[in-house]
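In what comes next, chain A is part of two complexes: it sits with chain B in the first one and with chain C in the second one.
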Partner chain A sequence: MIRAKTYNDAKQQSHTNAELNWWIFMRISGVVLTFLILGHIWMTYVQVSEKDATFDAVVFKLQQPAWKLYDWLILSLSLLHGANGARYSIEDYVRSRPNRFWVKSIFYTLIAALFVFGTVGLFSI
Partner chain B sequence: MHVNLKILRYNPEVDKKPHWETYNVECEPGDRVLDLLNHVKWYVEPTLTYRRSCAHGVCGSDAMLINGRNRLACKILIRDLTKDGGTITVEPIRGLKVEKDLLVDMDPFFESYRAVLPFFINDDPVPAGERLQTVEDRERFDQGTKCILCAACTTSCPIFWVNGRYLGPAAIVQAHRFIFDSRDKGTSERLNLLNQNTGVWRCRTAYNCTEACPREIPVTQLIEEVKRAIMYQQA
Partner chain C sequence: MYRGREGQWAWLLHRLSGLAILAYLMLHIVSIGSMIFGEEVYMSIHEIYDLALFRLGLIAVVGGVLYHSLNGLRVILLDMTGRGIVYQRQLFYATLVLTLAGMAFTAYKVIPRVLGGY
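Up next is the complex of A and B:
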């Protein structure tokens, strides 16, 4: 075993399935997102006519709970999927521990803010 | 024919950083890069430093970055690299500390190798005869047995270059060789070692290792097989 030099290394070397679970999540969410987004494109751009391109029509559409849930699924899955992908890159390429801490803190805050604003925006219509 | 052998040289006692030096060498198209290096060392520049031992692609000593790809200097022919009057670049493998010229410190590489318990584990009483195995069971881990520990895969891995905490493809191939051996009993121990941020989950499937392997081991595929084995073990 590569010898743990810090508490963090030792913690990483202790037995946990976190990375395994993220790996599985990335595969499943990737496949699910593909179909969710293709369906979204289909319903937004193909399955509509010119008379749907009004303010009232859009508000009516976004008031339906099913549509809200659909959009919220895309929001949460894509944010989690993207955030984890970026976490991989940050852990690979940001080598200094203090820098990694700051980059991760700012990045996760940004993701959390996007999630909160998106959710509030979606469910306040 | 004549080729220009361009070598990235570094002498820690004199140089601050590595520099290129070019040697014009006469050779045959069927010569290997190792023959050219030997020619330079024996007749032109005796201070040139590199590893080589068997010179027949078995010992794995002379992996180096030749024309931008990790290869064994003793296996690659000049005619497959360049034409008459062309240039061949030779650099040390990346991600390991260069000690002199093409010689790198292999300690971190072998430390990772030792970390995955690369030996047969079975505490059952020793049978009277051999521990028999079906042809199919032997076939299961055949690819991993081809590894010669030349480090061409590990030092082609972009994650290994930037992150010293990754075990690297070669160590995982060695673990694969025992994990999928039906006679071996150390599977769960090895899978626990690899089920970590420093183990198989660092692999981002860049496929550099598969392209670099001089023994044509499908390295990335073996790493993915270990990932799946961990998934089924934990399920």
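Up next is the complex of A and C:
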């Protein structure tokens, strides 16, 4: 991971463009997710009771294209943002190379499976 | 931990809240996505997270999301502007205050519902 205070520091520390691109991605997706997720929490948890999230209510809401798009944006951006954030932690704390390989392999597989599951769920109704 | 000041606590809380939110997100995708298996499966999972303990636990999730969002904006200010560095300590305390205020408001809205069973 890049530990930098400024864009120029980050650029100098990165050996490939991949790390720099993730550094930029975390900031852009972070700003977008701030609005999407705080809006999501406000509309589905603070304003209304969680008890109302029944099967019929969820199916009715997710049948509307605008909510499909909104929720799919959260799904994809937050999984990528979260997977990359967890990768920083794995690289910090899992010190041995073989262990790191296995932890990352299993973790990325899980994230990919959740992404497929969520996408299929959103677009199958 | 070394003897860091506010900046270090901000970093640690950011990492912990991020991992906690990711864990919640993964469970949330499974619990809501279970609707593709039909109403019975969805509602049996819904009844579990409808328990008072989990509904109150969501107030902590809201706190984690609020902290991670606001501190993330603080990090961007530090990265992109010189003034962000000058005021990073004040911004950290502002983040904490806003997070606690948001959690208090959420609790004020949610706790009566949980107690009233609606």
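Here is the rule we use: the second predicted complex is superposed on the first by the 96 of 125 C-alpha atoms of A that agree within 3 Å, B and C clash if a C-alpha of one lies under 4 Å from a C-alpha of the other, contacts with A are read in each partner's own complex, and residues count from 1 in each chain.
The working rule: a residue touches a chain if its C-beta (ideal position, glycine included) is under 8 Å from a C-beta of that chain, and two chains touch if they have at least 3 such contacts.
From a predicted model like this one, the values you see are computed outputs, not experimental measurements.
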First, second, both or neither for A:L75, with chain B first and chain C second: second
Of chain B and chain C, which one touches more residues of chain A? C
Doubly contacted chain A residues - partners chain C and chain B: 88
For chain A, which residues count as touching chain B in their complex? 1-2, 9, 12-13, 15-17, 19-20, 22-24, 88, 91-93, 95
Flag every residue of chain B that touches chain A in the complex, lowest number first. 111-112, 115, 159, 162-163, 165, 167, 192-193, 195-198, 201-202, 204, 227, 230-231, 234
Residues of chain A touching chain C in the complex: 4-7, 10, 27, 30-31, 33-34, 37-38, 41, 45-47, 49-51, 53-56, 58-59, 62, 75, 78-79, 82-83, 85-86, 88-89, 110, 114, 117-118, 120-121, 124-125
Which positions of chain C touch chain A when the two form their complex? 15, 18-19, 21-22, 25-26, 29-30, 32-33, 35-36, 39, 42-43, 46, 49-50, 55, 58, 62, 65-66, 69, 72-73, 75-76, 78-80, 85, 105-106, 109-110, 113, 118
